[in-house]
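When the chains are written out, they are named A, B, C and D in that same order, and each has its own residue count from 1.
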């Protein structure tokens, strides 16, 4: 196999054969090494959360990855391929430029809160697809919270663990750990930034984040988009729940109860939360 | 720069990685293969100076000249002595393995049968000898000598002569048929009747000469009359399939055609039998047509000298009557007068003994029933075709004991009460007394080549214990050689092929030296024109023959199948073989084991057995499990069995297979088991 | 109990039930390992192979499962290099099946050779003229590739994903998959062919020997094509099998139909070439070597029916079924056709291994039969059990079918 | 010129005695078969087959055919298939040699050999206790799990070379190099020698009109020829010939 090994033959056949073999071995080894190097580099650069979202996004079913512009009816069918990073999505820019897109509406709209199936979402804030929201405060920071559907999904909270003040949170990355008697849920941070205030006492909590200057809220849903999105989310919830083979259905258009886990305690709620809160 | 522990570790790591790119680890890995090849579980070859020792093969009486290639004095192979022109047989080629036979008996021991198993309990030589009853007027001894003509044979005979009522017994065919030899080299037409003529019946050298002559087209014609297509039948020029057990009828019919009944010295009853046995009357019983019989006779008379050979190897020797008929037919064909059959001379007796002081050999079958208290079986390793029944019937019902001198626990030894093992071949001086079909008698001595295994006892010592006169084994042989020298007859043939008349050998000492260096003494016999006492038919034999012929004619078309034992002749003259013989018996299809029964497709169909199936073969009281082999080359209605000892029986001391006990032509049943 | 390990959103049976499914297979595995250990410790005398049947059950089944495992390379090739996105739903399953088939084959080979510890000599002193050298090199390399391809699937497990390094590595490796798919396809083309060449080059066995095109006998190319026909069909059959066992839909019909069409297309091409090859062999190659071809089929157990069965019932019929849109879109027919394809390929491998060795070459040598010993059967059972176990574990703990969640919801 | 050792075996002389098989086993340290051994699992570098003319009783005729490695000259099937160069043709002698230390026991060579002349060590080599003292010191015993075959008694060639070297000769004396089977054959049915030497008996006999080779149409150019004056024996060479012979016999 190597020129110094007895039986090495200096003929074209032998050498071609071994060359091919060594090439294959080198290509395979290089590929693996490259993957290792690149993953280390990426981990250093972007952190675990980002990559985790990269990989999680790929696994989201197409129904979850629906483009906000489809939800608002601007386009008939479009699935997001940009990991919900609307800020650098050319399509999104195009729609924004048209001026007609609901995405361009300001968050602090004077329209009343959107209500779908008894779930009421105020329109004075931006919504993350993982059912957290961000609302700009007078001091320029954003307060972060969980929306009404999220609240009902969680039911009574036992404890909340917020990132300590000063830590960086990232969009799509789990930031808030919520423990209930049905398990543990991870809530995503809607924006990139630094935690400036965090206070959790029992089941009550409050958190403020100072957004990174280079970051934006472009990816968050707002105003007229909230209604169609919530409708879809309820459908998604229904499918998730029906998938779980339990007698709990929204099919009749009924109102989701105050605390869904208490209504169906036998369910795998962690899985439901993971699905609905887009846990990576 | 200070050297940290981390630096050292990194250096070690890098060095390890670097070694991988050097030839060193790979070369070592490569060598692993060689190490595994020489692991402790792989036998090591011997090392030492190599020498070539001339000797003779003493495994069977034929005594072919050999050269032993020895490593550090231990033979690693036996080859035919170059220049002797006498090749070896497979058994001779592996004769040096016999000292390491797995069934070797380590020392004197008692034998006990427990169910199927044979158990041995060792005991000291003194204890063993003490168990031998003293031989006196009341208690007689029978010494069964399966290799007569040796130095110890003379001592046995002298001992028996001094103890009236005792017997010096030899196998029947040694007593009768083997008193004549056949000059196959001179014959032009040979009819082999149920004889493995080309399959070890004589020495390999003589078989080779027949094949050589035939391939040179010198007119030699070999006819085979055999129930099965034996190997001889395969190689013969013409094969006549006969019904099993019809050999005597065939010979009588040929005697009829030879007009032998007109011979003046024939008994009237014999003459009557021959006269009425026309080919037409017996052809059907023989399984041929009268035309075929006449044709065979024509071939026999067309180009002489002609010879008819029958049986010859122990287990297949048809019977004494048939041997006598063959002798008479040969005589009628002129073989006696033209020297094609000769009366073989006896080997001179040992110095210090006189022929008239020695007992005459008794055929084993002539020893009366229940007449002896002590049986000593010698030469058991030499031949094995004696059945245990033929010995046990002679035992006195009271306290009787059978002692075997066999070095291995096979054949008769496994039935004996006590074994006092003699040395294996090439462990002490061995003797060869000549092939029983040869026209010459011969005597050769093989030198010890192996270190002698402790526990083996020379037969001289056992006899010495009985007679009170102990003689050394080598001294006994030297006496024998001196006796031969004193006869001043015959010649010696050295391993390189040169011959010298005994008269020009200076003394018994030089003869001993020559013999122990591989030379062989031979003495050719005279034409057997005169009557040979052992082969003349007496009245009772004639009656038996008449009865057999009528029985055969009556049972012309029996529905049962008939057993045809066939054998590879050397095997019957050797009760145990080298373990390497698995090459011929199990590892190739060359020699069937005694468990294989060949039948024609039609017979297999009729018996409801298939090729490869295990079936039960039953003949009278005997029954055994056999593996069926369907063969196109066999006549329907026959089952061909391999006779002799179980050639692979080196693994267990079980007695030989059923085929040995079944007479030729015995009716049998084959059933699916 | 193990819910933390099960991919989120996928419905899996309870752990005790899973255990009840696993245990019998684990038992078979243990029994098989015992048989294999006997072969390794006592030697190959434990098998019923002999000097004439130097190859037996193991080689036959190795050849078969490697052909079946071709789905991995071929699907990867179509998906990553030819961008047939319709095949994405089956790629993970294909990789796992490929890994099982190849690793199983190599495990059996290690028991099959007389001196497994010297297996690396092939790398050390390679005889590049030997098809087996090519097979050894390619199989080893390709098994490495398959293991690397399996890593991303494995790292998709919920618990592994919590470990940042694993998650990122999986992500990066997955992006490089087209390179590995390319290398895998290259290697597979060669070793699938070399396995065919293994018999085709045997000058001394006119039943198997074929004329060479370039440096390869025609069986080289026939094996590649037939493996490419078998691989997709094996995916169809296994997917349907898993679906029926789990009573779930895992892959949409479109992916399976695409596989069916590809399989049918490959099979048709294979059959056309095989027909030409067979005619040339019967009329020229075999008689030229001193063997009238019809004599091969004179044995009762190996009559010409085998040839007709292989080409007709197991060849032309499934090819027609798969190429016709009508039957392809019928689930039952698709499955039947895929099953027939696999039977045909298995029969082809049987003919080339067992029949080749059963037929004597010397005129005076008999026709021989061979029945594997229990140790041989057990060793192979161990590999099947190992495959079932690995697949079951992969199915339970890894997201093998990306469409599963969606199909469950629809 | 390098030698091309070959053999000619006269089938009209072979009596099937088995001397060659046994002498070969003694010479080459081939162990006795273990209890379960059969003709399909045993090791007989030199094996004697019984061939017949295919007729039923009593027209059957048979011949004994010793078969060993034919030392194929072209495409040598076992050499080209061995994955790790454990089989080699010695260019000096034309003898196909097996290197057991390098064999991994894949048995591909055995499947490839048209003469079934290769054997596998299915068992550990075992001799009865003490019998290893009788082994030939010139040949290493092989271990379990490797293939082996006839090599025209390589040990003897080695000894002959050593002898020639000691005497200062470049070439060996043909009389010093005779394989065990040739030496032991009682009817001298086997002739061995250098086929490249036109004066040698083996070269002359191989051109004899009675000479034929088995399966010569495979194109492997075996260096072992056979002799027979019987047409049906010669027709055993391959199946097309055998068929023609049968048809001819039927008229």
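Going forward, contacts are C-beta pairs under 8 Å (C-beta built on N, C-alpha and C of every residue); 3 or more make two chains touch, one makes a residue touch a chain.
Remember, predicted model here, so these are calculated numbers, not experimental data.
**Q** I want to compare two interfaces, C-D and B-C. Which one has more contacting C-beta pairs?
**A** Of C-D and B-C, it is C-D that has more C-beta pairs in contact.
**Q** For chain C, which other chain has the most distant CA centre?
**A** B
**Q** Which chain would you call central, comparing Cα centres to the global Cα centre?
**A** D
**Q** Roughly how far is chain C from chain D, going centre to centre by Cα mean, in whole Å?
**A** Centre-to-centre distance between chain C and chain D: 39 Å.
**Q** Nearest whole angstrom, what separates the Cα centre of chain A from the Cα centre of chain D?
**A** Result: the chain centres lie 76 Å from each other.
**Q** Measuring centre to centre with CA averages, how many angstrom lie between chain B and chain C?
**A** One centre to the other, that is 59 Å.
**Q** Between chain A and chain B, what's the gap in Å when you average each chain's C-alpha atoms?
**A** It comes to 96 Å between the two C-alpha centres.
**Q** Can you list the residues of chain A that touch 2 or more other chains?
**A** Where chain A meets two or more other chains at a single residue, that happens at 5-7.
**Q** Send over the residues of chain C in touch with two or more other chains.
**A** 115, 118, 121, 124-126, 129, 133 - these are the residues of chain C that touch more than one other chain.
**Q** Among all residues of chain B, which ones touch two or more of the remaining chains?
**A** In chain B, residues 26, 30, 33, 36 touch at least two other chains, as defined above.
**Q** Mind listing each pair of touching chains for me?
**A** Every pair of chains in contact is listed here: A-B, A-C, B-C, B-D, C-D.
**Q** Which residues of chain D touch chain C in the complex?
**A** 34, 36, 38, 40-42, 49-52, 65, 67, 75, 77, 80-86, 102-108, 110-116, 118-124, 143-147, 214-220, 236-243
**Q** If we count contacts the way the header does, which residues on chain C are in touch with chain D in the complex?
**A** So the residues of chain C touching chain D come out as 43-45, 49-55, 112-116, 118-119, 121-122, 124-127, 129-133, 136, 198, 201-206, 287-292, 295, 356-357, 361-365, 368.
**Q** For chain C, which residues count as touching chain B in their complex?
**A** Per the stated touch rule, the residues are 115, 117-118, 120-121, 124.
**Q** Which residues of chain D touch chain B in the complex?
**A** Touching chain B: residues 10, 12-13, 15-19, 21-23, 25-27, 29-30, 32-33, 35, 37-39, 41-44, 47-50, 52, 55-58, 60-62, 100-102, 124-143, 180, 183-188 of chain D.
**Q** Where on chain B is chain D touching in the complex?
**A** Spelled out, the residues of chain B in touch with chain D are 33-34, 36-39, 41-48, 50, 71, 74-77, 79-80, 87-90, 93-94, 96-97, 99-102, 198-200, 204-205, 207-208, 211-212, 215, 229, 231, 234-235, 239, 241, 578-584, 586-591, 600-601, 632-636, 651.
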